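Structure first, commentary second.
Labels run A, B, C, D and E following the written order; every chain starts at residue 1.
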Amino acid sequence: ASLKNALDEIATAWAGDTGKPPPKISYAASSALARQIEQGAPADIFLSADLDWMDYVAARNLIQPETRVNLLGNKIVLIGPRDSKATVNLKAGVDLAKVLTNALRGGRLAMANVDAVPAGKYGKAALEKLGAWNGVKDSVAQAENVRAALLLVARGEAPLGIVYSTDAATEPNVRVVATFPEDSHLPIVYPVARIHDSRSADAKPFLDHLRSAKARTVFEKQGFSVLLRSAAST
Amino acid sequence: MSFGVDIDHVREHFRLTARFSSAPGLTALFGRSGSGKSTLVDIIGGLIRPTRGRVAVDGQVLVDTDRGIFVPKHRRRIGYVFQDSRLFPHLSVRNNLLYGRWFAQNGGGASGDLAAIVELLGIGALLDRRPDSLSGGEKQRVAIGRALLAHPRLLLMDEPLASLDEARRAEILPYIERLRDEAGVPIVYVSHSVAEVARLATTVVVLSEGKVTAVGPVLDILPLADATDGGGVLDATVARHDEPFHLTVLASAAGELQVPQLAATVGTHVRAYIRARDVMISLRPPEEISALNVLPGRIVAIVASPNGAQADVRLDCNGATLMARLTAKSVQRLALAPGRPVFAVIKSVSFERS
Amino acid sequence: MSFGVDIDHVREHFRLTARFSSAPGLTALFGRSGSGKSTLVDIIGGLIRPTRGRVAVDGQVLVDTDRGIFVPKHRRRIGYVFQDSRLFPHLSVRNNLLYGRWFAQNGGGASGDLAAIVELLGIGALLDRRPDSLSGGEKQRVAIGRALLAHPRLLLMDEPLASLDEARRAEILPYIERLRDEAGVPIVYVSHSVAEVARLATTVVVLSEGKVTAVGPVLDILPLADATDGGGVLDATVARHDEPFHLTVLASAAGELQVPQLAATVGTHVRAYIRARDVMISLRPPEEISALNVLPGRIVAIVASPNGAQADVRLDCNGATLMARLTAKSVQRLALAPGRPVFAVIKSVSFERS
Amino acid sequence: MTEEEWAAVRLSLLVATTATAASLPLGIAVAWLLARGRFWGKSLVDTLVHLPLIMPPVVTGYLLLLTFGRRTPIGAFLADELGIVLSFRWTGAALACAVMGFPLLVRAVRLSIEAVDSRLESAAGTLGANPLWVFATVTLPLSLPGVIAGAILCFAKAMGEFGATITFVSNIPGETQTLPSMIYTLTQVPGGDAGALRLTLISIAISMLALLGSELLARRIGPRRVAT
Amino acid sequence: MTEEEWAAVRLSLLVATTATAASLPLGIAVAWLLARGRFWGKSLVDTLVHLPLIMPPVVTGYLLLLTFGRRTPIGAFLADELGIVLSFRWTGAALACAVMGFPLLVRAVRLSIEAVDSRLESAAGTLGANPLWVFATVTLPLSLPGVIAGAILCFAKAMGEFGATITFVSNIPGETQTLPSMIYTLTQVPGGDAGALRLTLISIAISMLALLGSELLARRIGPRRVAT
């Protein structure tokens, strides 16, 4: 769902340019969408927020493997409320756990669900890589999704949180405290693929359009990085 | 039209054992509060399944636990006037009255139609009202109407007139008589009023603490039924009408009786209930007294009340039984004793059919 | 203890206008079904707020719409026996009985305690039962007990004895009399039974279609109250007891009366209700007849019934009024006319206090 | 409002109304069974009815997907034999809402049925009405307050339900994107709060109208219910 | 079961019980107001009560956060003056569940209060009971079926609620991770289905026990309710 603004804009523009009906986009959790595809949802394209659920459908032969590409990339950042004075340097080597714990001052570190939601999973991986996870894991408040984590920080409930940079950029009530180094977690990618049973003749053109320069501007405007390089399934 | 009951019903605090059969007509259940009258009516109506036993009306077996027969209440074609009126609160009075009609197989039947019943019960102004805006007696009357309009083949009435005024009762009673006599609908009737029972009943069943203590024709039973007001019942026929004085002369075994005028035609069989307390005894025919009825008879028995204050004198007037309740003082003063010939003196106005 | 009502109450289908005051004691409301009796009792009890008017009991203003006074029902210290029994279904009989006690300011009061009331009403075996397992009459008795045990300063009884048998009534009536006389609790009493009203009432209020058509002391009003059974009431004192015969001799203006023995001590003031239909008229003192009471008097008026069949003869027996209902035939046969001296003949057993 | 929002409003109304109307008959029947029935396994039925309340909506939606998906026997039967396609259609959304509202509906109706004075039912029986007629002419009319309350609860729930809906039939604009799905989606989008708030207010307004209507209806039939 | 699952079960029980118990008094009061009150703005109160049903749970959770968050005046007051901290505590989860269950509770109680025969209430009044006593000794006992039904609905809802809870107080193992939160998380993880199923069954079993208990309770008081 974090893609909604960008995708809506791209879809509308595409429909305007081609004169075709705008594609219907169903925004839901990747898990729900994957299961629906499994149950024969009449979908043509699946854009997943993480690799796991794309792998899930791929493993069940529900997509056309040759159409799969990693479309977008994103970054995760450490945020605090707008008036936060916290300074954290996200680097391996320092005792990050201690720094974070100090910065939290007994509060919670808001993250999206660290087992289920991509942003949470990346955040957890990054903290592990930086050697801080075990020190802070008991302070983590796992929200249902990344927006909820953002909200917790924006409302001042939690002094720190980990969210996508795309989310942080649009919320005036938070301040980016630090950005996680790219190498502290697996690349944050949004894979896209055509569904195996796709019938619509418009699916292919739209899929192509998502990779066009025009779409690229829109995605980048929303803070995503566009990974044009097509990738084979991992 | 006869009626047979032989049941046992066991409840936590109460056991009802009833075994009797009754003649066609109206069967009155008589007994003190809590003696099991309503329970028995509920069993006959199919609202309660007796623990054991058999109920048959008019040759049709309604319940037979041995043979596993239990006719459900909606197939019994009954009209039940409950002790509590049980009107449908969501329906207007009119629809309450017509409720049974939806299910009655014959459109017009024994009980006449809506207009007649409404007229009889004086509920014309209430037809579009809801039951919860009715007075106690109005509810009761609507409940009676509802049961009558179901065209029942068996009418169950549990203290139907309890909360009605005398005048209203006097209007409804003749209608019940007509149902009993003309339409031949068997009726089970619960009442605490001896006068009502005497007037209506063919058979009287006396209940006491769940047991039948007496059963039989009203003429035999009634003097026993209620110790506070025994009485006798005379079977009679209309001999002639004394139009100028608005009197009717009845011929009975005991002799002629002058009673307030009846609507019945000459030759009709009627029944006169004579309360024991309304009967005086005279040793010779009284003169210059207002009482019009003087019946010769002979004393059969004198039963003193438990405390000896009063005595019920049983008279044989040419085969008919009359009861007179006197003070012990009168019995002594007149030296009354079994076998002695006396005269029963009864005012015309003391007849219930007034 | 006096009682003043002056109210107007307007309902969709009904308008009640009542204005009367009544003497200390028991005020009986009398009238046909739907005449507004229960509505009036509800207004006195505070269940209905009248459209306009004033109610005062015992000097205390309960309602005065002009002055904006409305004492809520829970502050009126009343005991109300409803026409429908309204027992609390979730409480045992015992807790129903004791409900009012929680709120009564004085622990023991006018109405005696639980044991006595339970004994009086014969509900001892029911104490641990739930109301929904009681018979109609049992419910009624519990409802009476509940009201009495609230130690009311004003007792409202709406047809309290309607579904009780005669024997039970005979047990409860003396208790109500004691409340009226000894405890001095003002009572408002609705009943269709002339006998009950005659026996209990101090003041009778006759309602008809929402209007008060007559109001006054029971002695004046009762002959008018119910055309089907007029009667007279004699004020008397206990003169002596005739122990051997279980009789009590009453001294009244009209002469001595022999009635079934009373529990009252000599000198007590009592009231004898004599139904018109129980009075015979004789031109000379009858002899050798069982009736013990023969009162000399003079005919004051003869009122024929509408159809001319009967006549109510009003007698002046030394200042006391007696009514005798005779057939027109008897009136003619005896050539009765106002002014004529006659004898009223009355059986002892016909007295209601039996 | 945008065209898309309008579509969601219309769809939500359609879904909520359908869900309520469709579950009423079954709900009343089940409520009656639970209120008056004496049968083995009653507690099981009772639990089953409550399940959608007890389970997280996602699980309910998932189970619906597993039961009524077009690849399942039931889904295939419905689609092929009766022409009723549920998956990814508004009909499926209605089914999800109906299921989620069902426990609320049943409880309310059951409560009212249990409060009906059985003496009135036997009175109807003595007048010749068989049990079905008694139910239709006495029990049901006297339970109307519960039916109304149940219907309004079901409707309100349907107006707010999205967890099971989005899991079962996804979130397709114009087809399965109901108001709550749309609101949810908006809360997940940077800057979507204002839109979410507006749609929430619309949803509240609709439900408030429905509530008002139900109150009026209940008031009209209200005073008739006390047994006399 | 793992230690974490046990913790979730215990927590869910605690949260559901607290939510139910805590919302009962207020729920009964509000139900009484709605059933018997005649006041301006009644429809507004009615709508307000229904809101948690009408709004997507996420919105409810969001509003809870806006109202009871620790930076809000109410949240600060509760924390500083009364020592009640809601955010990221099980108490907050209980609050969220109570709010979500509230409409169900109120409706059931209200339905039962409306069914109480007002003639019994006036009878109690004549016997000297003031309105409060009448309510406590007559209205409330006679509404017990509704109170029980409402409580069980509220409990069941609390056992299944996670949308508002997770939004309001997040998902902290041992503190705010209730069963449904845990189940939800499992459904979001590929391969988590078996675990989700197991936990769902546990949740159902608990609710079934609660249901059975309520049925027994209701049966005990059941037959006493008909006015006579």
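As a convention for this text, a contact is a pair of C-beta atoms (placed from the backbone, for glycine too) under 8 Å apart; a residue touches a chain by one contact, two chains touch by 3 or more.
Note that this is a predicted model, so its numbers are computed, not measured.
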Centroid-based (C-alpha) most distant chain relative to chain E: B
Farthest-lying chain, centroid of Cα atoms versus that of chain C: A
Approximate Å spacing (C-alpha centroids) for the pair chain B, chain D: 56
Chain centre separation (chain C, chain D; CA means) in Å: 59
Distance from chain C to chain B - Cα centre to Cα centre, in angstrom: 26
Overlap residues in chain B, where contacts from two or more other chains coincide: 84, 134
Set of chain D residues in contact with two or more other chains: 58, 62, 119, 187, 225-228
Sequence positions of chain A contacting 2 or more other chains: none
In contact (per the touch rule at the top): chain pairs: A-D, A-E, B-C, B-D, C-E, D-E
Chain E-touching residues of chain D, taken from the complex the two chains share: 43, 46-47, 50-59, 62, 103-104, 107-108, 110-112, 114-115, 117-119, 145-146, 149, 152-153, 156-157, 159-160, 162-163, 180, 183-184, 187, 196, 200, 203-204, 207-208, 211-212, 215, 222, 225-227
Contacting residues of chain A [partner chain E, same complex]: 29, 31, 34, 52-53, 55-56, 108, 110, 113, 115-117, 140-144, 148, 151-152, 155-158
Chain A-touching residues of chain E, taken from the complex the two chains share: 58, 61-62, 65-66, 69-71, 87-88, 162-163, 166-167, 169-172, 176-177, 184-190, 192
In the complex, chain C residues that touch chain B: 12-13, 31-34, 37-39, 83-84, 125, 129, 133-138, 140-141, 158-159, 162-168, 170, 192, 194, 226-229, 242, 245-247, 258, 260-261, 277-278, 280-284, 286, 288-292, 307-310, 324-332, 334, 345, 347-350, 354
Residues on chain A engaged by chain D in the complex (per definition of touch): 1-2, 4-5, 24-28, 32-33, 35-36, 39-42, 145, 147, 166-167, 169-171, 222
